[in-house]
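Next up is a structure, given as structure tokens.
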Amino acid sequence: MSTSRIKVGIVGGTGYTGVELLRLLSQHPGVQLHAITSRKESGLPVADMYPNLRGHVSLCFQTPEDAALDQCDVVFFATPHGVAMQQAPALLQHDVRIIDLAADFRLQDTDAFEHWYKMPHSCPAVLRDAVYGLPELDRDRIRQARVVGNPGCYPTTVLLGLAPVLQAAQPLVDVGHIIADSKSGVSGAGRKAQVGSLYAEAGDNFSAYGVAGHRHHPEIAECLTRIAGTPVGLTFVPHLVPMIRGMFSTLYLRILPDALDTDFQALYENRYANEPFVDVMPAGSLPQTRSVRASNMLRIAVHRPAGSDTLVVLVVQDNLVKGAAGQAVQNMNLMFGLPETTGLQQVAILP
Amino acid sequence: MSTSRIKVGIVGGTGYTGVELLRLLSQHPGVQLHAITSRKESGLPVADMYPNLRGHVSLCFQTPEDAALDQCDVVFFATPHGVAMQQAPALLQHDVRIIDLAADFRLQDTDAFEHWYKMPHSCPAVLRDAVYGLPELDRDRIRQARVVGNPGCYPTTVLLGLAPVLQAAQPLVDVGHIIADSKSGVSGAGRKAQVGSLYAEAGDNFSAYGVAGHRHHPEIAECLTRIAGTPVGLTFVPHLVPMIRGMFSTLYLRILPDALDTDFQALYENRYANEPFVDVMPAGSLPQTRSVRASNMLRIAVHRPAGSDTLVVLVVQDNLVKGAAGQAVQNMNLMFGLPETTGLQQVAILP
Amino acid sequence: MSTSRIKVGIVGGTGYTGVELLRLLSQHPGVQLHAITSRKESGLPVADMYPNLRGHVSLCFQTPEDAALDQCDVVFFATPHGVAMQQAPALLQHDVRIIDLAADFRLQDTDAFEHWYKMPHSCPAVLRDAVYGLPELDRDRIRQARVVGNPGCYPTTVLLGLAPVLQAAQPLVDVGHIIADSKSGVSGAGRKAQVGSLYAEAGDNFSAYGVAGHRHHPEIAECLTRIAGTPVGLTFVPHLVPMIRGMFSTLYLRILPDALDTDFQALYENRYANEPFVDVMPAGSLPQTRSVRASNMLRIAVHRPAGSDTLVVLVVQDNLVKGAAGQAVQNMNLMFGLPETTGLQQVAILP
Amino acid sequence: MSTSRIKVGIVGGTGYTGVELLRLLSQHPGVQLHAITSRKESGLPVADMYPNLRGHVSLCFQTPEDAALDQCDVVFFATPHGVAMQQAPALLQHDVRIIDLAADFRLQDTDAFEHWYKMPHSCPAVLRDAVYGLPELDRDRIRQARVVGNPGCYPTTVLLGLAPVLQAAQPLVDVGHIIADSKSGVSGAGRKAQVGSLYAEAGDNFSAYGVAGHRHHPEIAECLTRIAGTPVGLTFVPHLVPMIRGMFSTLYLRILPDALDTDFQALYENRYANEPFVDVMPAGSLPQTRSVRASNMLRIAVHRPAGSDTLVVLVVQDNLVKGAAGQAVQNMNLMFGLPETTGLQQVAILP
């Protein structure tokens, strides 16, 4: 094991983003897995909880006290909201960089954070220096970041699906009335024992949730406003799909009268021409979530049904990869000067 | 078996709408099943193809020649598009009433029919007398109809989800920009052997289809325009959900400035107060498709996220029941003067 | 509401067997639903928890204190193990009959009960009078029973799949080495919030469980021994299938040399010729769980691959109906002198 | 692209084993993809049919005539049965090695082949030299093989699950009465458009099939007899599971009286101690198919319920990987002197 490898710690490796991080990092050529903490499971071999890791990960879960996380180069937090901000200041003092897969460092507006997550923010100073970890929007700042707030799964699809339009040189759409109809696989709810995520509840069933308000709404809105340079009105309705992984966002935008001649296909292709993990599909394409299953790719298709003034943008990703663990590794690669795609070029699993 | 029972024939009983008709009709107290035709399966006991009917249906499939459909009181067509219109004129001469579950008698605009279904309409005169079989919109005409065009599954959800708003006394929403983001279980594609409907293709996957144009778009648009009394602009994006039955439509409407004070919850509740098969759920509800699985109920919830000027209407139904066979039986009840709910009061299967 | 209807109470109506009982009983022509108890949900309309019951069940959950269960004719216990035996003695004093869907009155061997359910049996005298509620094996005693222990789901399939062989006039198979390879949908685990039943855990996955020992093993073994009149050796391996409802047992028996000429197909057909809820399918049939979905039917097919001395019996049922709530209603019908099939003749839902 | 890479052709790359081969080979460091043939899809970019390959595979499907397969080092046949044996002789003349994923080179008994596959064998001489490609049983002969018959998915699980017992120094079990109760995900039926594989048919459903006889039975029996050195009696019942990938075999063996003291756990661990793709799990383990999803690993657990004389062996694999494409790549590695695990060390996808 080379000493030049990045020494990685994971806090809270028992959930789905945790096991997904382990899948990716255990095969990442530039990483040395140093420690995985779980107070509850301390002593248990990680591969006993996740038998897919048998033969790949030999670590046991450790208590935070035993894990010596301050010796890591980077620590991923795959924890409930509120954990990372408790531990961040101490780790930063040891020059450990932090990538939080929860929400602690996503929202610069601490009032919004407190409203949606029902807790005060314990380190607003750290938050101010934190960078929102969407590489396609903010690659350069991520490279320099000490703390990255890894984006939520829904925001990743909506923001990357809207960025080309909102960042265009002139106004193209009615930014006051954007609609994001999003659909997520059940793994997005995590590995928590809760009735709504049971097979017999979520299976053979389709439903909306959070229509009156969802935590990802302020996160999306804050970023949309930042990239559009103007307040953005967003209606966001998330839905639950009976599938394990996968996320699909259908975005509806009204094209402004002066912009009806825009070549939106070209706009998207140009915007993402050099992005390794954003695939603008050919005109007329109908992306499927399985085309990105277990990969870090996000695919976009741009439609304008019947030539109307409504633009329809279809976005797919794997909510656990580009929507969580894969994007976190992509951020790590940037922060440590590795090629951005290192350890992230798996082919999606189909069927 | 009482001679006063309605004598029923089914043409093309081998698909999913066919077996669903048989499930409902075999337990309908006012019906006598007379014949089921399938040229390909003639001679085969229906219950051999559909073992759920063992002990409930003793008929065999017959050829159309042997089936003596002209002795029926009513014939249901659960066939591909184009079959009913070939056979309708002869049956009508024998005073047989017709309920077509395909598209032959849905669109009054024969040009649109020919464009979308790639065949000329063979009996436009019959079509002109046919009634679009959505009881909640046109109950009285259905009672008198000799030919009913049973609505498509998507149109049923979208039309019933929009009718209260479009039929209101004054304009409430921007009718030029209505969005219907619809999701269907795979049974909607029928029992045809096609790759896209395979378990290994449609399972654990989510996708959009027909974004550039779907046959149900002109059907919805024609009816919307009729009930709104003005042309309606609709963006309709159907999606495929990895579940067997169930349909969910999320409808987005922009409320007009003068209508922002409207009590939409009350509007919907009043509109459907006496409808046995439309359930306007309490404010804040999140309907699930499973709440109507295998029942003829359609449920609606009305939302206005964050008090904005966007109205969000959620509609669920079982695509094979209220979206097909159940609605056909509801129409039959109306046409023959039975209580509308006869044979249709099953409790939905949950879980 | 006729006063001659059976007055029914349900204790613990919040789980899957509870809602299934409500589905069946709310449409049962001989029943009046009197009360449903749930201490935790008291005051909540049942239909708020289970929206499929909207319009069909108007009761609210009540505390046991308010529910006046002693005024019922019969009380169903859809509760965790151990509840029914606490409440049975008091109810019996008021001449209320009891049908327990949990295990309290299934095992006559209280040592086995205590071993597997980790609690002492609190009313062994009541247990001694209780009848194991498998109508096809013990119809006459059920008719007279004051307390019925409703069978477990696995035992129903295994016992009905083996009875014709074990009850035959002469020995037909090696009763020392019977194998039951059983598969259950996830609803069998109930509506408990537990990680193993999550969609993202049980979906797209297949596994065995309880190989070292399962609570249904002693229940099956006790009954097998009773009907065989000799100790029976059973290897029972349950598996979890990614589906909501449905149970499939594949039974393997070694035919004794002297019995190789037996016509097993005829044996099964004769044994169950008059059973309304056991369907012995034609020779060569391959039953599917969906052929009984949401119905009280159990189907059996008998095979002897390649004419060998191994008999293979395939059994399907809906675990929540014939495996639980439907069988309980069947028992109630018997106990109250109604036709056994009353309220239980629904056609299975397919697809 | 190094000239020392193995030049690979694939015949019939449009099915599930084809796309899985492409997933594995496109990331295999020792392989150069030379050509993929499909007469029907010739000219179509492979990634247009399988969008998961966008960015990974740039080849188009070619006609066999254009594909210059005789310039390959090895050709994989991912075709229907009967194709490889037609093309094998010509390829062999050009020193091209062949790995057939269909059945042409699995059965040495050509009568059995003709009986089960309904066609004469066109090149019995090639067949005689072909090696059955189960590396754990016949690694050395595979290294030297010019033609490998890649095992069926069911046989891989049953043979590897039984080999330790049947290859033991002394008789351990009754080899006349072995039971294999096997369960497969729907992808095992391939990407053929057939009704039985539709989502609405196979979903939320469980069934047995091929009870009277299945093509994999003679394949398993021939190999079992070979490794046991004595005829083996096998009852094999395959079942269809509503999941995409995954195979689970539950094997039941009766232990001989003299062998009751055998430490079967140790027997299995020793037998597979050095196998990179067979994982004998710790005593008491309950393997899940998802623990090997999309990986080449096969996992085994050994049980002896209640200390009886019945041995229960549980085996899981991904039917498309260790059961097909992965095993084919493993064979290729052996045939070309590469480390056996090259390109096959992906971590399974969980959840």
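First chain written, first letter: the chains are A, B, C and D, and each begins at residue 1.
Criterion: contacts are C-beta pairs under 8 Å (C-beta built on N, C-alpha and C of every residue); 3 or more make two chains touch, one makes a residue touch a chain.
All values reported here derive from a predicted model rather than from experimental measurement.
Return the chain pair with more inter-chain C-beta contacts, choosing between A-C and A-B.
Of A-C and A-B, it is A-B that has more C-beta pairs in contact.
What chain is the most remote from chain D, judged by the mean position of CA atoms in each chain?
B
With chain centres defined as C-alpha means, what is the inter-centre distance between chain A and chain B in Å?
39
Centre to centre, by mean C-alpha position, how many angstrom separate chain A and chain C?
Spacing between the chain centres: roughly 45 Å.
Enumerate the residues of chain D that touch no fewer than two other chains.
Chain D, residues with two or more chain partners: 16, 185, 187, 191, 200-201, 203-204, 242-245, 287-288, 290, 293, 351.
Using the touch definition from the top, list the residues of chain C that touch chain A in their complex.
Of all residues in chain C, those touching chain A are 16, 185-187, 189, 191, 193-195, 197-204, 242-244.
Going by the contact rule at the top, pick out the chain D residues touching chain A in the complex.
The touching residues are 16, 19, 23, 26-27, 50-56, 187, 191, 203-204, 244-245, 279, 281, 287-288, 290-295, 297, 299, 320, 345-351.
Which of the residues in chain A come into contact with chain B in the complex?
Interface residues on chain A, with respect to chain B: 177, 179, 181, 183, 185, 200-201, 203-209, 211-213, 233, 235-237, 239, 241-246, 248, 250, 252, 254, 284, 286-290, 293, 303, 305-306, 308-310, 312, 314, 316, 351.
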